[in-house]
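Take a look at the structure set out below.
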Amino acid sequence: MHAMLNPAQRGFWIGFMALGALFLLVIPGLNLLVPVESALHVPNYMVTLIGKYLCYAILAMAMNLVWGYCGVLSLGHGAFFALGGYAMGMYMMRAIGTRGSYGNAELPDFMVFLNWKELPWFWMGFDNFAFALLMVMVIPGVLAFVFGWLAFRSRINGVYLSIVTQAMTYALMLAFFRNEMGFGGNNGLTDFKDILGFDLSQSSTKLGLYWLTALLLGATFLVVRFIAASKLGRVMMAVRDAESRVRFLGYSVTGVKLFAFTVSAVLAGIAGALYVPQVGIINPSEFSPANSIEIAIWVAVGGRGTLLGPVLGAFAVNGAKTWLTGAAPELWLFALGALFIIVTLALPKGLVGLWADLRTRMAKENAHD
Amino acid sequence: MLMVENIDLYYGASHALRGVSLQAAKGRVTCVLGRNGVGKTSLMRAIMGQQAVRSGVVQWEGADITTLPAYERARAGIGFVPQGREIFARLTVRENLETGFAPLKRAERTIPAEIYELFPVLADMHSRRGGDLSGGQQQQLAIARALVTRPRLLILDEPTEGIQPSIIKDIGRVIRLLAENKIKAFGEMAIVLVEQYFDFAKELADDYAVMDRGEVILAGATAQMVEADVRKHLTV
Amino acid sequence: MRAFHLILALAALLLAAPAARADDAFAQALGALNAESYADKIAAAEALAALGDGRAAQVLDALADGRLMVAADGAILIDQGGSYADPISGKIVTAQAEAITVNNRLRSVARAAAGRLALFSPDAAARKAAVEAIMNSPGPEAADMVRAALAKETDDSVKAAMITALASLDLTSPDPARRLDAVKQLADSSDPSVRSQIETLLQTETDTSVRQVAEKSLASIQFRVTLMGFVANLFQGLSLGSVLLLAAIGLAVTFGVMGVINMAHGEMIMLGAYTTFAVQQLFRALLPPDLVDLYLVAAIPAAFVVTALVGMGLERGVIRFLYGRPLETMLATWGISLVLQQVVRQIFGATNMEVANPAWMTGGWELAGGFTLTYNRVIIIFFCLAVLGGLAALLRWSSFGLHMRAVTQNRPMAAAMGIPTGRVDALTFGLGSGIAGIAGVALSQIGNVSPNLGQAYIVDSFMVVVFGGVGSLWGTLVGAVTLGVVNKFLEPYAGAMLGKILVLVFIILFIQKRPRGLFALKGRSVES
Amino acid sequence: AEDTIKVGVLHSLSGTMAISETTLKDTVLMMVDDINKKGGLLGKKVEAVVVDPASNWPLFAEKAQELLEKEKVAAVFGCWTSVSRKSVLPVFEKMNGLLFYPVQYEGEESSRNVFYTGAAPNQQAIPAVDYLMSKDGGEVKRWVLAGTDYVYPRTTNKILEAYLKSKGVKAEDIMINYTPFGHSDWQTIVADIKKFGTAGKKTAVVSTINGDANVPFYKELANLGVKADQIPVVAFSVGEEELAGIDTKNLVGHLAAWNYFQSVKSPENDAFIKQWQTFIKSPKRVTNDPMEATYIGFKMWTQAVQQAGSTNVDAVRQAMYGQQVKNLTGGTAVMNTNHHLSKPVFIGEIQANGQLQTVWKTKDVIKADAWSPYIPESAKLTANWTYPWVCGNCTEPKFK
Amino acid sequence: MTDDMLMDEPRGPGMATPGSILYVDSVTVSFDGFRALNELSLIIEPGELRTIIGPNGAGKTTMMDVITGKTRPDKGDVLFDGGVDLTRLTEDQIANLGIGRKFQKPTVFEHLSVFENLELALKCQRDTLSTLLFRLNGEQRDRIDQVLGTIGLADKVRMLAGALSHGQKQWLEIGMLLMQDQRLLLLDEPVAGMTDAETEATAALILELHKDPHHSLVVVEHDMEFVRALGARVTVLHEGSVLAEGSLDAVQANAKVVEVYLGR
């Protein structure tokens, strides 16, 4: 097997392993083993923060699969993320049991004080972790499949598709806002206590979640890589270029897009499910159109249609946000806005493009020597 | 008089034109020949200003226009029929023609009747969108549109592609007449013609240039042309 | 009986009672208005009204409007917009004065009392208003008063109002004959309050003939009220549509024509609204109060120029480097929108700015059936049609419009035709931005002016343009109006929240049928 | 550094909530400035650490954690919406931090890590309804409960509904309407309200409409001619700051209920207004209720720190109970063991100049109910945190 | 009705040979009232090579659009291989039946390399799952190399197709058609923009394809020398219907054809 790897592939695996080691071993190690006073210590909040970014990175990779490779700019991807999050939130809500304010074993607090008498049918089964886990993937997946089937079959594409997906997430946002829907309205789901019996306020639980997220990011990476490197990946790029021409070659554009869209939605759902226990709340603002636009922006900043770009973009934009909202709370929007403008003007291929440019430049210089 | 001197043109790292020179005089048809991908279109785009050259000079009517933007060149009297037609798809046929008014003075902003004589189909399809036309109709529209600007230098990049035989013959006749300044609506004109169809080119051209791999290999007056030499460069 | 006294007093007044005696009583009642408690003030207002002094009306009006002042020396004065008048002598005086505090109860008592006095005013409009004021808080003597006034009334429309008023007062009369008359009288009404009065009557009515007639009258009122409800829905829909349209027109240029996914469009609207605010402040600072209302007219060109310049700056500085890369443009304009919001926050602060409706845009025509046609909405409907019409003409018939379309369809070829693409691009983007700015002027009249203003409109604007069909102004118009009307017809049944959700679902389903919008271009030209 | 005491300021400076929250950030900065001018706290300077959670709920939690864990602040002043508070709550409880929450809210919460200095429903909504039912208030018989669709209006309206019914109001005389955040087209709803008010019974609107939606709502009221003496609107989320963004000429007489009005005359208030306008460098800036709540919270915290002689959260918490601060409107606010205040209630009418003028006020301060007695499930609960009781949402204190 | 007299072979619905590969009957297509195809009927037999000529705007490209599913006719039948109704199928379904097309304006995937363009065109299972799991085998690789040689782009395999010149794109598209190995090949102006030598090479290529009875070909061209080189039966379209049909010489002698198309 290894003998067959060409140098580029070997480079990929080395990088992949190095990143994996960084996220899975180095950061937790610096958090657990290095004394708090040390400069190398990674504080707990940093672990939570990176855990959150890792979720965003999965989401960005999911987005990149449809947008970067297939040219389908979904401005509603936040919806799949949020749905995955809600599914997980519902499990954790049920897991509170009698520990809620009103001590009701069946009903979450928000239902009690809005006078709900029994659990709505769609909350059934969410006390079972395995069922919830399944729903984390099935709900976004089915929604994406049905929505995508309708849209792609009707050949809605380009901005029309973008706007329709935006309408979808916007409608979901308003629907989840409604208290009658039974998802806690604007406040959403919160006050979680534990997950699978692990106390969420424990650092060890957080670290565990972090670890799991890093692992799943790696898995997502491999899945996306496999798809992108396959012939289907090339068909996807062809669809991005000239959709109608692809049809004349006999490929079903609807099928290709639907595949990418659904896989992407499932990945987004998983990201959402990992995100919610780490941030402790899920509410309808995750469905807001602005959130979905931001996902596209991470991808664009990192480098659309590249493997590593979305991960870089998610880390860069969110890292900048974290840093700037603290360091320059009144001016940070200038900085972030400027970042977006500069990246688009100066780095048309995103941060990854910058790296590639540097490499070719260095290669050239080496050649000259 | 158009004088292209020693221009180099790159697409990124690939060197598409290598020290190309070309001249086209008013009253004459200059024909550029060459196989696929030798750089004919690149040369035309360089003259029109759609593609920047890295070195060399483009002169028109005595002025250096090497760095002039394309629209200024159009205003200096250069008309362009690009390869691939480049019709404004969602403008009507009439509007497509009217874009040719841009470099004209207000008083001159009319569509010469000769255009409709040459391409009667355009009159029938006045209010149809340019993009809805058939390929050949679009090609006719592209030629007509360039003529609306009353150019003093007309660049035609494979103008007969996709046009039916009878109209090709007409186009040939018109090019001749234009070069000889025999059509009233138009003034004296230099014509640069890129053409693959050798017989057609030979019949029309006063001067010729043959390109290969980004260079001009042969050039001169058609009268002195050795057909076999030229044909040699046109076959693979 | 009190009413009878009142009428007597009025009659006495008409007979010109000795002035001095009247002055005394008037001054005394006036002074009592500056009491400590609201209960005492109310008593004083009633007493003042009972005097039947003609001067009382304006005092009570002033009281209700919060313009009745008390000077340092205890004198009661009327604030006439900067100057004070002594209600006793009618003279203008200068003084330091503070407003007499009023609450809603006192206010309505004063207004009803003033209304009763105004029933005999020479001004027909005032009499009509008086009838309404009385009906808003009908005292026990209201019927007698109105009847007395009706006897003297000459103006037909006031008469009609009085008859309706009387009839509805008579509905509660113990005399079945009166009730019957009243119910007949009211059959022609289309006022929902009359409807509920008859409904109330029916709950207790025992007289069968009254019942029968009442039921018939109710049905005919109900029909008209429903009809007016439909008209009202339609108007509200058109009005909402016009707001959506205004918000979207600028986008129809920058996005529809140029293809720039302009996420900063909302911020252009916002800049227009802030320009309106700035112009208003300028007018307030520099011009006499009666000219301040003109600020809105001046704001239109000002907002256009400001936002057009900003738009042109953005086009030259950023967007032009991104043509042919629509998604990058989206990213860059998103960045621009963040920056613009923060710029405004830095300059004006994060809070809402107050933009006042000019007097001629406040209020509305009260039509039948409780339906009010508000001036600001009517004006906005016409304004938005004018803007759209102007833009359509420019695009269709001017050579700039032709160049604009040519450049955006094929930039290199347009240049080869001699069209200065750079200038046209900048002007086009400037035009779209300028129109967004104008929309900001209009939207400042119905909504809030804050740094977030633009965000509220951006999603809707894109929805409208895409629903209508990108590149079709006509589609934008029909799309906006359709969405507005659909929304307003859904809202009464589904509520605002669900109504909005349903509209979005409607858009999603509709696009399935027409994947390129309502007025999609068809044929080959679309693909190329 | 060791010689400063850090306090966190967790208010949105961008995004939708910046409209309201920026002012509170400035208020905290003013208070910090003030205490430093007076020599600081425990001999140290107080340093405000300002962050921008950008109206983004997960970001609130992130920033809260950053403030507590990285900046190690002694207390945090922040949040406006309930959802932002809910999102930071687990962080404060886990890290044992202290949050001072200065906005009126729906109640039904009492965390030992939060001090709630805004009004609970019984300090705002119930008195307002009582007033409207009184003779002076116009003896209202018919009610529109209009709110933005989220938890504060939902809960408030639920409490009010129960309360109104207990006062004999029939179900058909109550209309409840919810609108989305930022709702901008009020034509239908205001027309409906007008229609609802034509039934011959005195009608009033209780508005829990929040934030941005208020401006178009009031503009529509003015244009459709809904006058305060016909159908008064009493609002719980509209104060001086919101009114400053609205032309109030045609809204005179509509009402608001709060624990503070700028127009109330008192030496403390005069000084506060002056201090604020000087600090913000604008003689036109208004003050409002959440600012007073911030003021009271900050003062109480400094007093508690001084009393405890430390910024240790447990010590400060213990010292907070019974802590008193003079209200800006007279009287004294007291921190109760349920982490909520006793405060006076004012009802005011909107004036043409955008101020609210008191038309009614409580004789005494009212003690906040963290758990509402009008919600059956909640009526059983008590909130009380005094050592050695450990109780926030139990039916009776648990003595240990 | 069209000019039946000019037809040198009778045709009509009743005459449909069950074995015909393509059967177009009374197809009408109109755009906003303009009839681009007007009761067009046409039959192609298996293994046949047919050239179609006709004035600009006669409806040649529109006819191909109808056959390949791009345009839905207002009326009329289009049957493939003796019975499959093409008017109800989508473009990809039609392509999978065995119909391939080269467009008038060369359309290739500009952001894919020349190699990838050919690989996508390669004949194989086209459903999404098979595509995901597809691996190029040696035989297929050889086939790609062979086609690369045929179209003269062997030295440009790694180049992005977008960087090709106009004529090179024409060749690439022909290469893609070859890769697909379809039963019915529709070529819309395959030699436009080619030199005389290349035109000859293309003619040879088409004749080579024609040798395999498995292939039926329909070629649209305006280049009469090329048409002559193909030596096939010629159909002349005019205003959306068939004006004449027969050998090139016969057609060229037709006065009407000379008037509307060839010119004097």
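For clarity, chains are labelled A, B, C, D and E in written order, and residue numbers in each chain start from 1.
Definition applied: a contact is a pair of C-beta atoms (placed from the backbone, for glycine too) under 8 Å apart; a residue touches a chain by one contact, two chains touch by 3 or more.
Computed from a prediction, not measured in an experiment: that's the story for all the values here.
A.B. asks: Of the chains shown, whose Cα centre falls closest to the middle of all protein Cα atoms?
C.D. replies: Ranked by how close its C-alpha centre lies to the overall one, first comes A.
A.B. asks: Which one of the chains is farthest from subunit A, going by Cα centres?
C.D. replies: B
A.B. asks: Of every pair of chains, which is linked by the largest number of C-beta contacts?
C.D. replies: Per-pair contact counts point to C-D as the maximum.
A.B. asks: Round to the nearest whole Å and give the separation of the Cα centres of subunit B and subunit D.
C.D. replies: So the centre of subunit B lies 75 Å away from the centre of subunit D.
A.B. asks: Determine the centre-to-centre distance between subunit B and subunit E, using the mean Cα coordinates as centres, and give it in whole Å.
C.D. replies: 30
A.B. asks: From the C-alpha centre of subunit C to that of subunit D, how far is it in Å?
C.D. replies: 30
A.B. asks: Using Cα averages as centroids, what's the distance between subunit C and subunit E in whole Å?
C.D. replies: Distance between chain centres, rounded to whole Å: 64 Å.
A.B. asks: Got the subunit D residues that touch at least 2 other chains?
C.D. replies: If we look for residues of subunit D contacting two or more partner chains, we find 13-14, 149, 180.
A.B. asks: Enumerate the residues of subunit A that touch no fewer than two other chains.
C.D. replies: 174, 177-178, 244, 330, 333
A.B. asks: Identify all positions of subunit C at which a residue touches two or more other chains, and write them in rising order.
C.D. replies: 341-342, 455, 497, 500, 523, 527
A.B. asks: Under the touch definition given earlier, write down the residues of subunit D that touch subunit A in their complex.
C.D. replies: 13-14, 50-54, 56-59, 61-63, 65-66, 69-70, 81-83, 86-87, 89-91, 93-94, 108-109, 149-151, 154-155, 158, 180-181, 375, 377-378, 381, 393
A.B. asks: Which residues of subunit B touch subunit C once you look at their complex with the stated criterion?
C.D. replies: 48-50, 69-71, 73-75, 80, 82, 86-91, 95, 98-103, 129-132, 145, 149
A.B. asks: Using the touch definition up top, name the residues of subunit E that touch subunit A in the complex.
C.D. replies: 68-70, 90-92, 95-96, 100-101, 107-112, 116, 119-121, 126-128, 131-134, 136, 176, 180
A.B. asks: In the complex of these two chains, what residues of subunit A are touching subunit C?
C.D. replies: Those residues of subunit A that touch subunit C are 73, 150-151, 154-157, 159-160, 163-164, 166-168, 170-171, 174-175, 177-178, 244, 289-290, 293, 296-297, 300-301, 304, 330-331, 333-334, 336-341, 343-345, 348.
A.B. asks: Help me check something: in the complex, which residues belonging to subunit C touch subunit B?
C.D. replies: Contact set of subunit C toward subunit B: 399, 402-403, 405-406, 409-410, 412-422, 471, 521, 523-528.
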